[in-house]
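Next come two complexes, and both contain subunit A; in the first it sits with subunit B, in the second with subunit C.
Coming up: the complex of A and B.
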């Protein structure tokens, strides 16, 4: 059992590469671990580097034990024990660092390598992005190449990189099969909570808050429609509903009473799957109006979708919506809430509404709505991300002086105008629109699609959506905003307006990246209990028990071993002489060009015949036959010439005269 | 070792050649392989606990990698051929260098380790199409003819997670001459005829030169004159024509057989070094006078096998 390699020293170059790779694989933890832990790792790494040529600089056994105890104390004091994940990662990082100080002979590399693999796994506990996965995969490939190099007598990493890549790709099929079959626990969709500042819609609306959000191009969520795609004017993604205003801010206010009425639900709702980016909030977004809630969430009395826990991780859910659904309930107390007014409303605003009331029929709230929309449309209102300062009475200033605003200005003031006119109204915030990814089958809704609109109560129709922004800038409903360009312009720039070759190339690349990222999420990160069952059902496996999986794996492994055994019985392929293969390729080329090229014909004869058929390539054909004959039968054939022959054959283009 | 008695063994043919058959290879995880399995289990626990799919995927990828290593390790030995070249005879107490030629047969085979059972390991990377000679040391053999111990051919390539090995038995006998004792003087001599003095201390008179004939010992060629671009000549000594040196069992000092054999061995080596013509007389055999490596080998071989009933 003696291993002659184990006690050999680690070549200097390999050691340097090992240290560099481990440092790079540790680096993403800068965002997660306590600086003291990262510092400890950096110090041990540098220590090992300094001792590269003088192994006596490495600490002895007693010092190492002291360092280990010190590292444990450091981890506990800096990270604490409340988060097992953080403590575990910090301990792993420190132990890996200390192990580097023990790195003397080749056998020590095994353990370092294993710790490196585990380090990669801990990275996924904090970030599951495809880019990180790719980054770590490169690191793992290099680690394996290092191990391959160290498992040989003559070490060389560079030539082992390819071998490591092949080994990993060979492992992939088995890994994927296990990945698909390995039973997933039916645990809650949310894991361990991690708090992070996240951009996104907050639970209330300040004038300017959504405009601020619109400057972000970040993705809010992605949608895949099962079959039916709603038209752009229906793409309102409902979020929190706001009832209470103080003239500046809109807040949820009191939750309305849930009606006892059982709503009729349309037979064929629009079914879709949303993959929501972390929001840190409870609510989920759904197409207006959600009628089918995903598991572990519910539709509240505002017809908004609310999850059971805060969304701290990207997560997917399937919901169904009916755009024609009528929300027909409004209790007396809710009617009061929907008519609530801020303490101060300027006389100018009241006068405006009173003028409209005088001109319209009180029984026809639609006329009042039209008046208000006409007002926005007729007067010189500007749809802009930079509304300017609005002062102490923002609604008054906005309606009569600046007349510059973003959707929340229009929605907020419109709702107020309706309330003044006696029409119950409320503000809904969420997103509007979405772009189809041209390279994939999903739609992307960005923070720049954040939107606010209003709902007014009409006696026959119930809560009725009115989007005053559409009166000012109808194109907003059809096209997304170009957030980058709109910042520099006075007027909003819509995405379709932004042109230019580089612009479109860049956009194309961004879409591609989005498609890849979404695929990664859909098939790797989001592959949970439900999706696994769904997929297996497609293969005709209804219910998967542990024993079934075990049997399947056993059968699979047996088959794989049998296959390997059969392959091993086959005679090993003779690499041998590349010349016959080249000649075969050449004849194949001739045949493809429509000429007979029998195997028995000698090279000179064959090329002579070929030159008759393809006179333009005559000289090239002669050169090939000469080179081949010289290599094949010549006394002093230079093996380097084989490359030249290969090139000539590859470049040969046969055009019949 | 009872286990060793019924293991599958590859036997080399008469020329000492053996090809490692697929079914002769054993494979078991190494200590690091077991640690790796434990690590995978821990990783899986972490992945399941946090419901983390990329972590699942990473774990399964490494598991697949580890699984494939079984095949790759096994393949590193399968089909390899070896040829035992045997060892040149040595004197007891010296280390035998047993030469084995390994051939990858069209496949690169890194880190192939070869050793005698419980012996010193030698490790080598076998290139694709070049055979590699390995010298296996074997120390502590007594005089006589020995069968080499079982060879263990093993590898842990590529990742050290598994060790594949197979046993090869090769019947290329190793001959060990008796240990050469101290130089001794024959009691009957007046001190003029030493048996086994240092090279060139013999006092035969230089008798002249004659033209070189094939078969003359290199030690007696007059290299100096040859270097002066004269013909190749052989030096003649006056003493040798008269009487060959008889190395006689009865004259050899020593209380027991082994010390006598050592003394005789020394005498033969010295005689050969001095370029004498010598013969050997033992109770069981007489080897006529002669000189040269062949004569020396014949005599030493006789001494090596003396009393072992094998001669």
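Coming up: the complex of A and C.
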């Protein structure tokens, strides 16, 4: 038997929409695939478009075979075979393009549509953002609508799109059950690491490097505090610790070891979850001082948090910190490292420290620290993103001539001054501050919050944090930097709360987008084994294993299907008549004005009574009752008059005489 | 409003004339304008009227006035226990000269009949009248004779003296569109009545406002008063409420619903409206429903009022 539909020509409009939606679905791959592959796809798409009305322009079988071989060669030569994901995607894209060239029967269109769904799926191998998901959902809805159109004799875009929407929403409960219950891997499903150019703090500190970073508004990480939120002055997010300096550059120096005291460290008054953006590095950030490391990472001898792998994708971890924790260990070798000096230190700098030493008690390093901070505070030092060229001996030039610098200038020179005075010191880099997202319960730390500070060794207190930047610009600790404005200004500009209506609206929108994006990451992309266990535990089924999971899945899916079936059997909601609602509103208005307006009273009687109580509105009330009666009980009611009645009721103001 | 009326299909109704009929009737029947209005509604709706009241409150006057104003010929039948159906319908008498039977029409062959104290007659006689009311024709000696058009019966019964009477069964009561009572006039109206001249003299002065043809046109116009679906919802809600109420033995029948709508249409026409509104239903409901419901409580007028106040207008 021949299917009558199969022999019918494919509607021209359907083909055009198909080509357009495939182009849309392919477009995000511009960021991933080799331009040659994208070019091939574009050419095949255009070719098919030109051949819409003249099918004889389509290539013959032999040409197609040649093109296919050519496409395979192109994919292998441009993309190579080392990355299966890239090669596979490129191959799918170009084969889909070639399939368009032999699009003749309805069966071909069906195959192309299925390939289109696959194409959508490949996008998630590269990017899992909510925005892309929304974009692809639109495309998928259109693909389903096209499938429906293909199996109908008469096509109607609007009803097909509606039916596609209904089909997608009917699939939602089932998808939700499978999403929640299907056994998860320990790593997120989409955890394919990509090495990308990443902005973020590097493992060392050059003069100007952090200032450069501060120009970026990109998010470094997000923090959700479990309950206690530290005060702004305690929000130091500790990263790498630098011991070695050559006068211009600070480096880690000796390789830090795994802290031997980790076991003793346990108290953590502040607990939080950090979702770190990709850094490409091993280290993780934690509130100073980290006392509880997340699993699969450790606290090293510098009290910095180090992960097991380089962070190449968004990564969440739970850590605990104690801001009052004292780091009391300093070995002899560490002391030597902490007093290391660059080969050349200018006589002016030495003289400055010697002057201070003469004025202070050598047994009281605090006095020396105070001297140095006073120096930064009293002399005309400027906190700026544009410190200017510092020349051959940057510390000397900075301290005595330019006196313009960002946090690394202050932290670096302060540490050096301390070492010259015989006080062991080191530089810590990380972030300071963070903004609360007003629409969510997390804080956002940006690259512009990148910071460098100093730690000095005090015999009683151990490693003691001193932030010389605070001596120059105390606002830095309380307020975030306005990275956009600071670039144009001589001094750092701190962010004020709002800049006009547009500015504040824009900021709201940015925060909202951040909240949505973070929620998407936490609950969809980051929904891994642990989160699943956690969630199921809340429902009391956290202990499910093996066959239990299978049974739970089966039951859940059955329930989901039953739910959709029951909903589909519900009678369609009646389209409400606007008139009774309007009249209800009118009666409500009368009641608010203090008169009884029972539901049993007819419109004329009611308005007559109302007119007796509100004589000033008598004519208006009569008009309302007449209009309502005409609309509701009249023979020829004009629906356009409903608007007039609505207006009259809305405008009615009842004042008792 | 008059424009709206004129726009309805069928013969246009001269509302000023309708108003004059009401005014004239009201002048002669002081005391209860509502009863007069309901009686006229009943005539326009083409139904029959049952007046239940004590003697001397103006039942006969009402019938007389209506007959004269509407230009109808009038017959009064005083029902008694020894009355036979033939006394109402008429008899065939053998004419010797012509050698065949001649039918002598009874009092029922009039346009407006006042059936006084209908409950005094035997059920057989009662049913003769009631059948004539329903069929609007009389069958005697195997011959069917049409009753005049329009045909309107006002029956009265005295609720007080029930000894030796035959109360109308429910099925017969159903033949009446309405049951009303006139009641005593208030003090001012009564004084006016006492001060005025003899009713009989006054009655003779009444000039017919319309003729029976116009009345038929008016009755036909009642059918064209519009009933909106929303109003049908309301009627249904009312019927439903009587069926679920503890106040009555059984609820209103669908026929009662039709009667209610018909009466409401006529009422709306008297009010000068081209469409029925809930107020019209509420106005005629006690008269239309009262005699069709078997009250379990004592006073049914109040329970019907309560019914109206418990059913919201959808």
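Here are some notes:
Assume the second predicted complex is superposed on the first by the 527 of 657 C-alpha atoms of A that agree within 3 Å, B and C clash if a C-alpha of one lies under 4 Å from a C-alpha of the other, contacts with A are read in each partner's own complex, and residues count from 1 in each chain.
One rule holds for everything that comes next: a residue touches a chain if its C-beta (ideal position, glycine included) is under 8 Å from a C-beta of that chain, and two chains touch if they have at least 3 such contacts.
Predicted, not measured: the structure shown is a model, and the values here were computed from it.
Here subunit B and subunit C are compared by how many residues of subunit A each touches, and B touches more. Using the contact criterion defined above for the overlaid structures, shared-chain residue A:50 touches neither subunit B nor subunit C, since it reaches no partner.
Within the superposed three-chain model, A:629 lies in touch with subunit C and out of touch with subunit B [touch as defined at top].
The contact surfaces that subunit B and subunit C form on subunit A in the two complexes do not overlap at any residue. Touching subunit A in their complex are the following residues of subunit B: 22, 30, 32, 35-36, 39, 42-43, 46-48, 50-65, 67-68, 71-72, 75, 78-79, 105-107, 110-111, 113, 115, 121-125, 156-160, 163. Touching subunit B in their complex are the following residues of subunit A: 1-5, 85, 110-111, 114, 117-118, 120-122, 124-125, 128, 133, 136, 140, 144, 147-148, 151-154, 163, 167-168, 170-176, 178-179, 182, 184-185, 187, 191-192, 524-528, 564-565, 568-569, 572, 574-575. Contacts from subunit A toward subunit C in the complex involve residues 579-580, 598-605, 629, 632-635. Taken in their complex, subunit C has these residues touching subunit A: 8, 226, 228, 230-231, 274-279, 282, 308-314.
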